[in-house]
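Next up: some structures, all given as structure tokens.
Next come two complexes built around chain A: one with chain B, the other with chain C.
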Partner chain A sequence: MTTTIQYMLSGLAIGGIYALVALGFHIMWSAAKAVNFAHGDTLMLGAVVAVIGVDQGVPLPLACLLGIAAGGIFGILLERFAVRPFVGAATSVGWMLTTLAVGVMTEALATLQFGGFSRPLPSPGVTGAVHILGAGVYPQELFIPVFAVVVVVGLKLLQRHTLVGRAMQAVAHNKQAAALMGINVNRITALSFGLASLFGAAAGILVAPVIQVSASMGAILGLKGFAVAIIGGITSAPGVVIAGFAFGVMEKFVEGYVSTAAREIVGFSVMVLVLLAFPQGLFGKREVLKV
Partner chain B sequence: MRYLNAIGFLVFALLLVAVPLQAANEYELRLFMLFLIYGLIAAGLNVLVGLSGLVSLGQAGFFALGSYTAAILATRLHFDIVACCISAAIVCSLFGALLAYPSVRVRGVYLAVVTIAFGIIVENVAIEWQSLTGGTTGLTSIPRPNLFGIKLSGFAFYGVLAGVLFFAVLLIHHLRYSRYGRAMLAVAQSETAARALGINPTAVRTLSFVVASVTAGIAGALYAFLNSYISPDIFTFSDSVRFLLMVILGGAGSTFGGIIGAYILTYLPEYLQQFQVWQRFAYGALLLLVMFVMPLGIVGTLRVLLDRLRPPDPAPAASEGVPAEKSLHHEARELPAELVATNLTVRFGGLTALSKVSLRVKGGEIHALIGPNGAGKSTFVNTVSGFYQPNEGRFELDGIELTARRSYDVARLGLARTFQNTELFGDMSVLDNVMVGYHQRLRYGLAGALLRTRRMRHGERECRAAAIGLLDFVGLLPQANETARHLPFGLQRRLEIARALATKPRLLLLDEPAAGLTTQEIDDLEAMIRRIASLGISVLLIEHHVDLIMALADTVTVLDYGQVIASDTPATVQNDPRVIEAYFGTSLSHALPEEVRA
Partner chain C sequence: MGSRIGVGAGLAAVTMMSLLSAAVAEQMPCIGNSSATTGPAAFGGQAIKMGAEIAVEEINEKGGVLGKKLNFVQYDDAGAPPRGVDNTRRIALADKCIAMLGGYHSTVAVAQAEPVNEIGIPYVGVLAANTKAIENGRNPNFMFRVSAKDKWVARYLVDQALKVSKSGKVAFFYENTGWGNGAIVDVKDAMAKKGKELAAAETFNWGDQDMSPQVIRARDAGADVALLWALDREGNQILRSMDKVGWKPTIIGAWGIAGNLGELAGPLANGVEVIQTYTFMGSMDAKKQALWDKVKAKYGLKDPAEIKMGSGVANAYDAVHIIAKAIEKAQSYDWEKVRQALYTVNYDGLVAEYKPAFEASDPERQDAILPKYYKLTVWVDGKLLPIEQTAYGKTN
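On to the complex of A and B.
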């Protein structure tokens, strides 16, 4: 019983991170029908900037804000210079490769900076464990899933009730029509990438105290975030968040009862199987081929 | 262009023979052999990237899979090098198909993600399954390669490697200039149009991925023998990026592009060893640089420069073609096709775009479908051509049920179409566009394409001749070698018709073929449609242009608000009060401008 609760809680924590990353992919995909393959590195960048900030004596909350801001700027710049020139081409090779290249470069630079070591990010959330039904978790781990839910609800409210949010939905639905209605599609797309990157960087900072900060932390989290987006359905925001939590919990159980390697094997196999049975993801909407 | 490729292969063969004779020491030869292995991976990956427009970031995974398969079989079961390579190829093709099929159905991006994941899984399995793979230590003392039990010397092994690479490049080159290569290029440029020509995009993409995974697998098998030691850390994500960079740098889609890229990226690290920490950064920077400065890669850029210097290839003469009258001739006993739609209903959410539409295109007639904007004409076309699935009702062609069939199946059964917004394969030549239309009529298989069998060459000659005849038929022969997207709009429309005709349809759907054409062009179009009908092809014409319809149509069906409001001869329909009301509005409720109602 205690083990089950333990796996559930730590699964929800890591699942919240996947959900945040996947939500970023959802936002970018909706805006541009393109994503940023360096999104995992956005996450890493946020955490790395925060650690460097703390090193330099910046107070923790400010360092975290700096990290999040750095992620957001990174995302906006990537959209402008790596994605936009290639969107609209017949295949997606262009923006995939440019964003991938930037990701590889960013990770290489961070490795030079960090020397391949892991660094802790201090947080009041990991000073002492709390016990719930015998399972010990950090408050930080309890906060992550709550934050993820707040973010997706906030996103929905933004889309329903604000002009910018409605413009985002309009762009997602039909770029040309949106442009004809006077929406600056480029600005909305840039904004979407920025927003997605803010969430990504925030995820990095939230997870950093739990798993430590390293130059390579982004790659696997980014990949799993995308896997979750595929499973949940990249067109559905609540879908990817639910899938994120489920994926995280499943991972913890497999890891606990089998092994770490099995965790990756099972996780990605589930992705392929879902893709086989539900090409649009579990909660995704079927996109009608426009003829 | 053909002789250029022949020269390329000759130079390539000479290099493969000359280099080992020149090699100063074993290390140099070994490095060159490593290049041959990378070249093999790049050549296969080029099919995926250059032809299908997809990206794999997991080639290192297939490289590892092939490597481990060969190493395990050679160590435990004493397989020789050929058997090892074949086994690696089989294993990799199975995994390739398994990964590609679910991913490429949805979006190209998914394949990239799935392949990254695959690379990670392979790495994890290699670490975890210690009894089989030796875990992190890997597999050591892989026996020296032997061929049918005879141990291969260093040079003999080199010969095997060089031979494998040479023939792999040659076979891939053959594939590129076969119906499969054309289909891959077509699917990458317009999936919609490819479907309408009877091409199954998922199958074509899966095939190109399998080619890439098989070559990577064989390369892996050869690598295991070359290195006689393999471990999980040899096959990382970085390597997958490097393989991809080889293709992009060398020139995606060109025969020798991958090889040249592989050469540069095998030797470059040798010179840059002191910058090791920057190596990964350099790969990223190089990839970025190539994407912005030289997106066609080295070979592609050279080709563009060369094309500027040389006079363009002369357009083929009409005498090289088979006249359309002959290539489209149907057997006398085959009656012109009859399309019958019964009670078709299509809903999009709450909107009923088509409501119980019944329509019959009689064999051999020109049937016009008209209606105000938003009446459901395009929905009807997209439904009967298999792009939308109807909620109710059914439709059949000559009694063959078409309901619930996929678009490419519908096309294979003899229903061809054009598109309101032209859907050409923009980067292919005009002639190639039409040859893609001939895809389903070519009967040779994959083996035939790879080996360029007599049957394949014969089929290709027929295909080319028919395509030339069709270009002549629509008056596009002088532009045969031009790139399709450079054609003026009016000619693009004609090209679409020629391409649709290449499928040898029994019924042709023309979706607003006169839209955007000049008066002169519309007159030409009228004559062309008449000639098409005279070949025994039934025509369903969706049009706004009233003069054209009145001049051509045998029957006119009018749609309004998704319902058929009239279907009769043009003269009768013209005077039908309901039709007049639909178009001009007589009652108060309909006295709105057309646009508002649409």
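On to the complex of A and C.
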């Protein structure tokens, strides 16, 4: 029983990380019908800037804010120079390749500046484990899935009750119609990328005390976060979060009762099967294209 | 037509042979190295550079080798085997070095064994510990090593583990890489030699964030000692998962956790033992102090803790001196003559007393550092100290 609870808690913590990454993909897709494949590296960027800040003697909260700001600026610049020039093209190859290229460059640059070692980001949330029905977990790990749920609720409120949120929905629905209604489509798209990257960098800082900070920390998180977004249905914020939690818990049970080696095989097989059965993801909406 | 092709092919072959023999005949007084100088293991390449450059300086201060100044050239392989193979060819055929040093990654070393023996340039590994890279079944074998060997490390760790285990049950955690998968065979073999089996053998991937399933299985198997074949990042996750599930075994690791585990895991790392061939930490004898003074002056370091892979510095330093002595014994830069001479070098080095460095009659003795020279260190408050200089040494 304790073992089962341990797998549930550990799975929710990991799943919360996937959910946060997947939410970033959801925000970008909702406004631009494009995503930043370097989003995993946005997490890394936020965490790396925070650690460098702490190294330079900047107080921890301020260093974290600097990391989040760096992530936001990164997202806006990336949208302007690596996504916007290619979004109108007939295929998606342009922005896919440019964002992937930016990701590789960012990781290489971070390795040069940050060195090869993983580094810790101090947090009171990982000084000691708390025990729930015999299973151990760090408070920081418990906070991650809670934060993901808060972000989903915040997003819904933003979309329903603010002008910017409604403009984002309008742009997502029909760019031309939104533009005719006086909405600055480019600005809203840039804003959505900036917002996704702000959350991405914050997520990076939040998970850093648990998984440690390194130049390569974003690669696998970005990949799994994208897989989770696809499984959950990239158009649905609650969908990607539920899928993130489920994916994390499933991984822990596969590791626990089958083997660690089987984890990726099972995980990505599930993704393929879900896509075959539900092309829009488990909770995604079918998108109708009118020609 | 057929005869023309035959004549053409013959001419081409003769030209190739003459080019190759020209390349072979003109070795230059240099020692090459392919190692990761960028990427996550760049600290390994940096350590090799420090040790090799200081040794080369010392040799040149005494007149170089056979009257010529010795050079050291280092190329980055970033841990990628194809780049390691390319660098091997470059060092042997373009730079025409007399010998080359190996790098940090076992996967690269294993890939280099083929071209090294094909070309016939003496290769001396100074970090990568994979058994098969050096014990590759080739005769003559141009692959040598002045570093730890996984097979011997495994026996050393198993000996230590069984010494401290009360239940006699040992768990093994290893990374799912060429290094880890090579080690599981060696550890199982070392256990079998003691008439035992591993209580649990658990694997993990680079970047895994939680190891609680593996740790729970090892705990439930009744193990009271955990052997780690991991790097710092994953070693830290194993320690944290042990903390979460409330399991406190004795932990002994190969040198992958000799980098910054103490910084990552904080107090959880206290008491974790790590095998090394050399450390700059703790009190220094005259020889160590002299080398540290040179490292400090040349690379602007302030504290020995800034050297992340002290074993790499010392191994590379000893390896370069051994190669230089072999060149003097051979009285030639010729690869085969130097290879033969390596079996005759006696040298009182930093890590070991090499008497001789290698033995031609024993394929296991292409490795110079015998297990009796391995050193046990222990993490104490973020510092990795020689175990005998700590409170942990008194309880062992």
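As a working rule, the second predicted complex is superposed on the first by the 291 of 291 C-alpha atoms of A that agree within 3 Å, B and C clash if a C-alpha of one lies under 4 Å from a C-alpha of the other, contacts with A are read in each partner's own complex, and residues count from 1 in each chain.
Keep in mind that, in the parts below, a contact is a pair of C-beta atoms (placed from the backbone, for glycine too) under 8 Å apart; a residue touches a chain by one contact, two chains touch by 3 or more.
Owing to the predicted nature of the structure, the values given are computational and were not obtained by experimental measurement.
Participant: In the superposed arrangement, does A:L198 touch chain B (first), chain C (second), both or neither?
Facilitator: So A:L198 meets neither chain B nor chain C here.
Participant: One more residue to check, A:V104. First (chain B), second (chain C), both or neither?
Facilitator: Touch partner of A:V104: chain B, not chain C.
Participant: Of the two partner chains, chain B (first) and chain C (second), which one does A:M96 touch, if any: first, second, both, or neither?
Facilitator: First partner only, chain B.
Participant: Examine A:V151 and indicate which partner it touches, taking first as chain B and second as chain C; both and neither are also allowed.
Facilitator: Neither partner.
Participant: Given the touch rule stated above, what does A:A215 touch, chain B (first), chain C (second), both, or neither?
Facilitator: second
Participant: Between chain B (first) and chain C (second), which, if any, makes contact with A:L112: first, second, both or neither?
Facilitator: both
Participant: So, does A:L20 touch the first partner chain B, the second partner chain C, both, or neither?
Facilitator: neither
Participant: Specify the partner with more touching residues on chain A, choosing between chain B and chain C.
Facilitator: B
Participant: Give one of first, second, both or neither to describe whether A:A261 is in contact with chain B, with chain C, with both, or with none.
Facilitator: So A:A261 meets both chain B and chain C here.
Participant: Across the two complexes, what residues of chain A are contacted by chain B and by chain C?
Facilitator: In chain A, residues 111-112, 219-220, 261, 264 are touched by chain B and also by chain C.
Participant: For chain A, which residues count as touching chain B in their complex?
Facilitator: 34-35, 37, 82, 85-86, 90-94, 96-98, 100-105, 107-109, 111-112, 219-220, 223, 226-227, 230, 259, 261-262, 264-265, 268-269, 271-272, 275-276, 279-280, 288-289, 291
Participant: Show me the residue ranges of chain A that touch chain C in the complex, using the header's touch definition.
Facilitator: Interface residues on the chain A side: 3, 6-7, 10, 13-14, 17, 111-112, 115-120, 126, 129, 131, 135-138, 210-212, 214-217, 219-220, 252, 255-256, 260-261, 264.
Participant: Can you list the chain C residues touching chain A in their complex?
Facilitator: 38-43, 176, 202-205, 207-210, 212-214, 216-217, 232-233, 236-237, 240, 243-246, 259-260, 263-264, 266, 308
Participant: Looking at the complex, which residues from chain B come into contact with chain A?
Facilitator: Touch residues, chain B against chain A: 49, 53-55, 57, 98-99, 101-103, 105-110, 112-114, 116-118, 120-121, 124-125, 127-128, 188-192, 237-238, 241, 244, 248, 252, 277-278, 280-281, 283-285, 287-288, 291-292, 295, 348, 378, 382, 387-388, 419, 426-427.
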